[in-house]
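Should a chain be cited, it is by its letter among A, B, C and D, assigned in written order, with residues numbered from 1 in that chain.
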């Protein structure tokens, strides 16, 4: 279809003028709409990408057909191998130019998201962010929308909660990249506004094999609580084990952070020592909602009882739903502006994480935040939801109006 | 056998053969037959230039390094910083400045590490690449750290040709850069200087005994190689308008070493074949199953190291020789 | 007349072992001088000291009157001090003629040149061929050195040294590893060396030494125990005791 | 005081793991001049074996700690004969490539067999506790790790100095030509030491799983740390590895405590300067390269 249009004239024209690819992207309803998904399925962070890819496949199999009523979607999945913006940029460029996708989705990493922003604007390709959580990303292109979360969304309310719950002095320890910086500033603002004080703010390298000296320092500083953000995955278990081993819990230093700290899939391998960690986040497998029960039933039926999904899986699950709904609403006509309008009106009261919607002004997600505590349920650790903070918009954007 | 025969032999060995132009012919027609693949082709060209720089070290001077990405990274970051922090977006001068800086860094570094050999040299280059990566990570106020340096704006070339999303300008720009580097490399390795470098590779102690100042000459080659590596890095920055930590990583050092080995070291055109095969295969296989690709890549690299020394170029040469008989 | 090569009081210790003790020696232009001694007498160490691979602990080395004790190896080569190696030490990926041409090119100072994209300039090629022909290597000039028979490789070893037009030539066992039948060729080649070159021959084979050298120095345990004509050396009782005695053991 | 003890304790635990993972390398390098960048593959194999045995089949942890290294040792011997032996005496480029290829293959196989997630090795309950003495709190597990590290170092030193096999290994490392000329079968010695080195690395992989989590990219993640232990110790020495591991453990821990933001820079800067000033390493002989 596309190939036949590449006449000699169009090639010559393409070589000497900036071509309009918009026209080449308009497809008939019978043609599959191509959706490019970028996950991290190789390298040291492959484990979380795998959970994201599984969620996309699960949605396509069980939920998409009913939503799409005959319209076909072709998924083209690509691997960026981790926080590799140059790779992500090339993949997106190829997806747009070579594969002519109508939507981009996925994107686990903030730097990768920033790298592709200009491409999306230039080519007018809507992109649904299904994990990357730095607040300012959606401002870098009008074609970004987000179904995951922002880091401020969980860290700022957590700061307020901490100050209200007998934590006066906090020590912050975050991974040194944009996400970590957001976590540090978001928590600090919420915490200090509510009367708490931060005694030390340390940024650690993204790949750190040795948490022991960092945590020893925390113990010697004797704060009331340690606020931690790291990008989850393999670091989760190592971190919590070291926390227990250095004896911070014995000294009464509480461990708090956004949900990345106690990511659901890693909790079983951490074991009972994770008990008592307080986190704020938008999704837990322990969430007591019918939509979540259904989601988990499908997941375990497909991938076995021992593998848990996590918040990233849910970000993808809802993100795929946004894309499928948009395609159905516009009958796959490929008009990016119409697609963005549809996305801005999206709302779903029955997500596994509770009611969610897209804020039409910011194109960012509005969702409940839950304060959770790790508790042992039926012999396994879970993030049990204690409090609900309803319909949280990204706080960063209200403090930093565009 | 006579002196004239020797002259003829030298002529045959060093003169330009028609087949040496084939890579450029193939690349020149690419925009007309495979427009969708231009971003990939541009990436391949950038890696060819980088691999050429490594070939000068490994293939011609016999210096094995695990840290060549340090200099690719210096070039890449210099080009990015000039644009983002300095506001200077002119491409050609950006390339030259970046190449000069990484060349100078290479001379400094080379005059330190080339006094050692084998394992120690490998370990020095290995710790250098981890050090460089961590410096780029920590100096985030100028490099962007883990998030990388974005917002690089390269002005249209000669004020006319803007870098477009389809990568046509980028492709032609990179191709022209490759042509320049190739002419320079070819001229260098076939000159008496290049021959003396190969003599040092063959036999260091004999080279000193025929009056070659071994260390200074290796330092010069090291500097040249690093300048070319930096040139490649700067080119990548300008074309994709982004620099990340991978530009100065052990991973990239290992990748380029693999590309060179698959193509074949010490023959210039091995540095063309290696990246083409590696990146094209990666593009084709890794997309669907990165794990299987990693397995195959590992098997190929091990097989090349164990059985097929000299890589594809040696294989081609043997095939050509046996079919000529 | 200034000696082409002069050593005064050369001493070198490795760890606790004295490898060279107070060696004095003078070679004039055109000298045909042999250095003999049992295994481990310090002959190769002395060559390494003269050429600059090692630095002596004390003593001085003069080349045509210039003190070269502290200058690096490659600069001594440029002053005309050239050696060959006991173990064949060639440029393996090059042909015979290229091996020689590399040395000629360095003498002509074009080893750092990038003027010619054709490898070597014509006059260098001609000279390399001329040396190869004299060394009976004309017919194999375009073969890779690794393809040659061992005897021919030994000749390439000498040819590379000659490529530098040395004023002082140190030959470290040029016949090492060759069957006795081939020694005649080596001797022939040696006798055809340019007349004005000062040659120091280190050799085990007595026939070769006595056939070639006008003067012989005997080294034992790093020290010179005798210097003289072949007749004097043959009859020296200390040499017979130390040198021939050890060899027969 | 308390600080010194705590930092020293952490450094010692880190060093013990690093030492076990690296000690076999100095033998490979000293004995056969082989630059084995892929040595961590054996630590990874040990870790996976223990994780699967304990996690899936309910093997007792202590039994796995003994059985897995023995198994890895046997595998290492087979791989040495079948693959490594082909590359002895080759130039460093071939050896480096071979190792990178080997790491790729094992990483891919691990990913296929065990998935991308890291594999925890559950500790026995009595080790997952802390011991308090006066105002100090120590992890029982780390004490155990240090004990194993120290014990191994002692056994290695003792067998090198006092056993017949040890003196053969020393002779072969220090002067291979000489050892062969007096009739030592260096090939056999090498296969044995390679296997032992692999087994020790496997112990390191198991007890160090909290420091270096067992996952498919393990061999790449740990490559540089293991190599620099040997580079700092020096070639042609089998005794320097423990001290060198300790130095690296100290730099890591001290900089992690006082300069958490610049720990990695300091480590690699120190290594680089050290190797430049002393290319032969702590205990290596000059000229052995």
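The rule we apply is simple: a residue touches a chain if its C-beta (ideal position, glycine included) is under 8 Å from a C-beta of that chain, and two chains touch if they have at least 3 such contacts.
A quick note: this is a predicted structure, and the numbers were derived from the prediction, not measured.
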Exercise for the section: Count how many hops through touching chains it takes, at the least, to reach chain C starting from chain B. Expected result: 1
Completion exercise
Chain centre (avg CA) closest to assembly CA average -> B
Handout entry: More contacts between chains, A-D or B-D
Key = B-D
Completion exercise
With centres defined as the mean of Cα atoms, the chain at greatest distance from chain A is chain C
Practice task
Round to the nearest whole Å and give the separation of the Cα centres of chain A and chain C.
Solution key: 74
Completion exercise
Whole-Å distance, C-alpha centre of chain B to that of chain D, is 33
Completion exercise
Cα centre of chain C to Cα centre of chain D, whole Å, reads 48
Practice task
Starting from the mean Cα coordinates of chain A and chain D, work out the distance between those two points in Å.
Solution key: 37
Fill in the blank from the handout: Residue ranges of chain B touching at least 2 other chains are 134, 138, 291, 294
Fill in the blank from the handout: Expected list for chain D, residues touching two or more other chains, is 111, 261, 264
Problem - Touching two or more other chains - residue numbers and ranges from chain A - result: 41, 176, 205
Practice task
For this assembly, give the contact graph shape among line, ring, star, complete and other.
Solution key: other
Exercise for the section: State which pairs of chains touch, listing all of them. Expected result: A-B, A-D, B-C, B-D
Completion exercise
Residue positions on chain A within touch of chain B in the complex are 6, 11, 14-15, 18-19, 41-42, 77-79, 81, 83-87, 89-90, 93-94, 96-98, 110-111, 114-115, 117-119, 122-123, 176-178, 205-206
Problem - Complex interface listing, chain D residues touching chain A - result: 3, 6-7, 10, 13-14, 111, 115-120, 122, 128, 130, 137, 139, 141-142, 210-213, 215-217, 221-222, 225, 252-258, 260-261, 263-264
Handout entry: Contact footprint of chain D on chain B as seen in their complex
Key = 58, 64, 66, 112-113, 115-120, 122-124, 126-128, 130-131, 134-135, 138, 250-251, 254, 257-258, 261, 265, 291-292, 294-295, 297-306, 309
Completion exercise
The residues of chain B that touch chain A in their complex are 31-32, 35-37, 39-40, 43, 134, 137-138, 140, 145-148, 150, 162, 164-168, 236, 240-247, 286-287, 290-291, 294
Handout entry: Residues of chain B touching chain C in the complex
Key = 1-3, 5-7, 9-11, 13-15, 186-188, 190-196, 198-199, 201-203, 205-214, 217
